[in-house]
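Please go over the structures that come below.
First chain A sits with chain B, and in the next complex the same chain sits with chain C.
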Partner chain A sequence: MQLFVYILRRLLTVAVQVASILLAIFFLIRMLPADPVARLVGSFATPEIYAHTKAALHLDKPLLTQLAIYLGLFPRAVGPGLLQGDLGRSWVTSSPVSQEIWQFLPITLELITLSFVVACVLAIPMGILAALKPNGLLDRGVFSFSLFAGAQPDFWWGLIFIYFFYFVWRLAPAPLGHLAPLTVAPPVVTGFPLLDALLTGRPDVSLEALHHLMLPVVTMAFIVSGPIVKMVRQNVIRALQSNYILYARACGLSQFHIAAYTFRNAFAPTLTIIAVLYGYMWGGAVLVEQVFSLGGLGQYALRSILAFDYPAIQGVVLTITIGSLLIYLAMDILHSVADPRIVNSR
Partner chain B sequence: MKKTHRAALALLVVVSLAIVAGDPSSGSPPLRQLTMLSEDIPAGLDPDGASLGLPPTQTGIVNLLDSLIEFAPGATNADGVRLLDFRKYEGRLAESWEFDRQSLTWTFHLRRGVVGCSGNTFTADDVIYSYGRAKSASGKIPLGWFEGSTAGIEGFTPEVLKKPTPLGNEVRKIDDYTVQFKQSAPPSVLFLPVFAQWAGTGIFDSRVMKAHATGSDPWSHTYSDTVNLPGFGPYCLEKWVKGSEFIVRANPRYYRGKAAIDRVVYRKVPVSANRVAAVRSGAAQLVEHLTPKQYVSLTSAPNVKVAGVFGNEVVFVHLNWKSPPFDNVKLRKAIAYAVPYDQIISTVYLNQARRWYGVMPSTYPGYHLPATQYRTNREQARRLLAEAGYPGGKGLQRFAKAFQLTYSSEFEDTLGVMATIIRASLRNIGIPVVLNPVPQTQFSTQMYSKMDVPFALENTWKAVPVDGGYTLLISATTYGCCTNYNHFANAEIDAIVKKANVEPDTAKRNQMLARAQNIMANLVNFVPIVEFKTQWAYVKSLKGITWHPNNSVKWFDLRIE
Partner chain C sequence: MPPSATSVSRIIHRAWRGTPLGLGIVIMCSSLGLAVFGPVIAPYDPQIPVSAAAEPPPRLRDLAPLILKSLQGRLANPVHWFGTDDSGLDIFSRVIAAPRVDVLIALAATGLSLGAGTLLGLIAGYYSNWMTEALTRASDVIQSFPLFILAMVLVALTGRNVGNIIVTLAVLFIPVYLRLTRAQVLSERTRNYVEAARATGNRELVIALRHVLPNSLAPSLIQAPITIGAAILQTAGISFVGAGVRPPTPEWGIMIASSANSIILGEWWPSVFPGLAISLTVLGYALVGNALENRYG
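This part shows the complex of A and B:
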């Protein structure tokens, strides 16, 4: 029951946070020193065309009226808005923003999820092994790796990997997207190319998609594994040096039980860093997406920002905000399950 | 024959038949496919849509729609790129046309038997629909109206933008294969150039467009921007994943014959280095929009050809006449003499550019090499600076803000280097230049919308349609529109251009335009720097690259040998 109340309280907080961020981004982008109409009409616009386009985008109206239109307070007059679940249409492509986000988001999620799985599979055991013998050779190597990896530019490593693995050794496919140009993509079911290929009976395409994801996943896993291995190592060392572990050893508990207690206590902060990084990567994977032509949410956000496509920018910010907050909420719930003191202390 | 032998023979026959039936080479010819990579793909397909200004969108449109006429093919240059002859026209959806000077009416006789991707047959109704849509000015950016207005079609006036007006008799169906266009007096000579070379004059398949009309969108702008652009062109849209790929298939019933390339995959690969790697390895057959250095690196690749044309891509130093001290002609001339042109050509463009002396691209009809040509001469620059009242640059410090050399950071590879070279050279004679790279959107706002940038480098300006008179109309008159960013104002130029654009005699017209260009060069309306090549890199088996003034590749021109 207490957990249920805790979750409800957190959900209400999420709703308030989302509304605040939405309002902030709505006004902030309209304060930027650039004119989206000029960008759209280009260099051959007469004053009449400029005025026409400005009116078509409702930019000739007062700010509060624009906000009301965006929220959908005049559905009969100007069409649905946010309150009716409509994120508007992109000013550049005229496609519904929600449709475009639904097209690009799964590609990013597929990339970062696979990257995090690979990173965790490598980083967590590395961190634990390093922590077992602090200041040993392995520990110093792992610590150096964690500092090095976390400080690297992902796009640079992406290009290096492409040069060697694709161009020189021909071990990886050309960085032309998640499938080869002449491969017929599977029909869209979930939006996740790997899953859709499997669900539509095209395992060969699924394998090809995995092959195309190989280098981008390695690039991202390399970068995010740095902070993960550092956090695991730090927390395992702390747990192993704690009084309760000392007591457990003194009581003669088996190595297995000691490891279980250690892991449970070291896991929570590691989970936090993974959640923070995962939420950040929704938009932070843009450079890797750009280098490997993956067409994910980051690239969509970048295109929208450069084009001053207000509905698309607002839609992307809303999506990433909600996604990040829900991830943090999920982590908090997991923490609560792992450590009931978090719920009971409130 | 024994039973076992008969069974074995039967099995052999069945297996052989299966192999032959499954063998793709046994009946149909192999599919000829082209993979083309660019930094983006069409963001929309509506010729009146917001993304028309983006080159990949224009590529999509010109490959799906045909217009009534087009420029005739011309010579092939040394790189093997075919050019167009801007003095001649060829019929496309129109077979022939004539102009009646008394009634100011153009009559187009339309081609019969033209079948579009949907199976519909082309008739005059499609032309009426297309120009009704243009006049409605219902798109986000009503460029169809703008083209009609530039062509001088009666009724395509600015008033139409304030109040939606249906198409009247200015575009009239005479019968299923005859359409008339009435021009307003005096008739603009830009009518045929506009029709021949602009993405927005393509003809829609009106039946498909009408089938997708809605109450709030009677001209199907959303449909054409998000789903398909139905027309009578050489290619039909097969698949379009925005932000990823644009796939077309050859129209099997195209009136000029089915295209040599059956299927084109046009894919977005934002990083130019990846496009280079792809064409080197053969993963792609045609790539565009690389840096000069990348094109040079590809010339040594064994299976890759790099070809280009001096078309209409130019770079100039913009000087705002309304921003002191650029209102001083001697100062402008001093800058023109101080720019190190040869160093720019060799360092920035690796000799893939050439000196530009004019006020319009040298390939345009009506171009005239001005009598006044500026070559690097620092002594002359210093002398002129002193005559302007700023000996050694003394006194220019109070214009520090004006001497921020603004350019779009999107072109840091070329403009950044160029700006650095120009800064060093101008500082050498005492002009205090600082660099000011800004994001493209900010550059667009300041340069194209507010037109208040004092000093800038511009490399995306180009006049389409291809015509000297049109170029001067939009860039040098006080009554034209759009690209007179530097607020150039000269009553004599205004008068000359007005007269030239209604002068039917080409020789007389060219004389008028020559005079205008001489005046403008002498006054330094801007400092022309280079014409740089529009280039492509492609596999050697690909032939037929043709330069079109909007710099789009038309896939119908291509074939794989």
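This part shows the complex of A and C:
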């Protein structure tokens, strides 16, 4: 019951945060000096076309009216809006923004999820082993690696990996997309190309998608493992200094058992940092997607920003914000389940 | 008298422990030096093409004789140490001229956000009314935005020049310092010296600025080098995707972007050297930040 109330209160906070971010981005992009109408109609348009386009995009109306139209407060007069679940139409392609986001988001999620799985599988054991002997050789090496990896430009490392793995060693495919240019994409079942290929009986396409994701995943996992190793090492060192570990050592438990006990208690703050990083990567995968031309949400955001496509920008920011906040909420719930002190103390 | 083995080994041990900080300081000072003198000491003009096609850098075995000859002044034209890119621009000149843009943007943005963020954090932590609550919530909202996308939006929509990039990055980093300072101020304002200052008749504002603020700056100052590194990465990132500084300004991100297409054809040198520069510089600032954290954190 307490958990239920906690979740309800957090969901309310999330709703308020999403609303404030939506308002912030809506007014921010309209108050900046950019002119999306000029970008759309081109430099040879007549004043009538300019005025007509501006009216069609509702940019000539007062800001609050534009907000009301976007929210869908006048469904009969103007058309559906956010309250009816419509994110608007892209000013560049005229297709519904929600449809485009639905098309691009799964690719980003595949990239990020795979990268995080690889990063955690490598980084968490490294962090634990390093923390077991502080200031030892392994610890110093691991800490230097974490400092190094956290300071790297991910887009540059993507290019370096392309040079070595594609050009020099011919191990990876050309960075031309999440599938080879001549391959037909699998029919949409879940939206995730990897799963769809498996579900529709084309495992070869699934393998090809994995092959194309190989380098982007390596690049992202390398960058993301830096902070993860650092946090795991810090948390395990802190947990190792507690009294119950001292007692376990005094009882003569083996190093392996001690490590297992410590990990269970260092798990919660580690999970928090992984969740924060995962949420951050929803918007932070832009560079890797751009380098490898994966066609994910980040590239869509980039294209919308450069084209001054306001509904698309709003839609992407809304999606990323809701996604990140829901992930933080899920992690907090897991944290409460793992550590009952959190819920009971409220 | 010869020094005893103990003192020599202690010196070596301390030097070994201080090496990362030393390296970081060297890199930091080099980046500042290049930011000031880079375009002046560059052998070629960073924005004027000097060769017809992309030339690779000199081979390793030719390197030593070339260095000797250039020191003796026997070369007609300066050597293209890092080669030239597809547009014929000398890469070495552009790499050492770029800190004037990258490092300057990072330092200015960090300085602005540090100054504004600590002052705002002081106010938010020292006075507790609805206005400071609203300020803290607004700062949380800014921090919940996807950082990179917001940076792109702000720069692309306000105009892609250096000033706007500085202001954008400063605004995006203010919440970090606001939160750090506010947390420190909240714990400092209950201390006895604040009560003593109040008892001697100081105004609240004077107490806040003269007594509480200097004691709350430590976490922010430790965070500063890390923010500088993050700002360099952000600047290079948004310039790489085309939403940052305009070409042909020498800037590490743009240099990597303009040569990204030719790397799959085997021309590695226009992309590798700018990236190495970014990597080393940010690492240097991270080392300094780490040393500060170990000493004062």
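Everything below uses one rule, namely that the second predicted complex is superposed on the first by the 336 of 346 C-alpha atoms of A that agree within 3 Å, B and C clash if a C-alpha of one lies under 4 Å from a C-alpha of the other, contacts with A are read in each partner's own complex, and residues count from 1 in each chain.
The rule we apply is simple: contacts are C-beta pairs under 8 Å (C-beta built on N, C-alpha and C of every residue); 3 or more make two chains touch, one makes a residue touch a chain.
Please read all numbers here as calculations on a predicted model, not as lab measurements.
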item: Clash or fit (per the criteria above) of chain B with chain C on chain A; value: clash
item: Which of chain B and chain C A:T53 touches, first, second, both or neither; value: first
item: Chain B versus chain C as contact partner of A:A24, first or second or both or neither; value: second
item: First, second, both or neither for A:P175, with chain B first and chain C second; value: both
item: Which superposed partner A:A34 touches (first chain B, second chain C, both, neither); value: both
item: Which superposed partner A:L306 touches (first chain B, second chain C, both, neither); value: both
item: Which superposed partner A:Y280 touches (first chain B, second chain C, both, neither); value: second
item: Which superposed partner A:L159 touches (first chain B, second chain C, both, neither); value: both
item: Touched partner set for A:S324, first chain B, second chain C, both or neither; value: second
item: Chain B versus chain C as contact partner of A:G150, first or second or both or neither; value: second
item: 199-207, 271-279 or 541-549: stretch of chain B that collides with chain C; value: 271-279
item: Set intersection of chain A contacts, chain C complex versus chain B complex; value: 33-34, 159, 162-163, 166-167, 174-175, 290-291, 306, 308
item: Footprint of chain B on chain A - complex, ascending; value: 33-53, 56-57, 79, 89, 91-95, 100, 103-104, 159, 162-163, 166-167, 170, 174-177, 180-182, 185, 290-291, 293, 295, 299-300, 303, 306-308
item: Residues of chain B defined as touching chain A within the complex; value: 33, 35, 37, 43-44, 46, 49-53, 137, 140-143, 146, 158, 161, 216, 221-222, 225-226, 239, 241-245, 265, 267-271, 273-274, 277-278, 280-281, 283-284, 439-442, 444-445, 447-450, 460-461, 474, 481-483
item: Chain A - residues contacting chain C, complex; value: 17, 20-21, 24-25, 28-29, 32-34, 144, 147-148, 150-153, 155-157, 159-160, 162-163, 166-167, 174-175, 280, 282-284, 286-287, 290-291, 298, 301-302, 305-306, 308, 313, 316-317, 320-321, 324-325
item: Complex contacts: residues of chain C adjacent to chain A; value: 20, 137, 140-141, 144-150, 152-154, 156-159, 229, 233, 236-237, 240-243, 256, 260, 263-266, 268, 271-272, 274-275, 278-279, 282-283, 285-287, 290
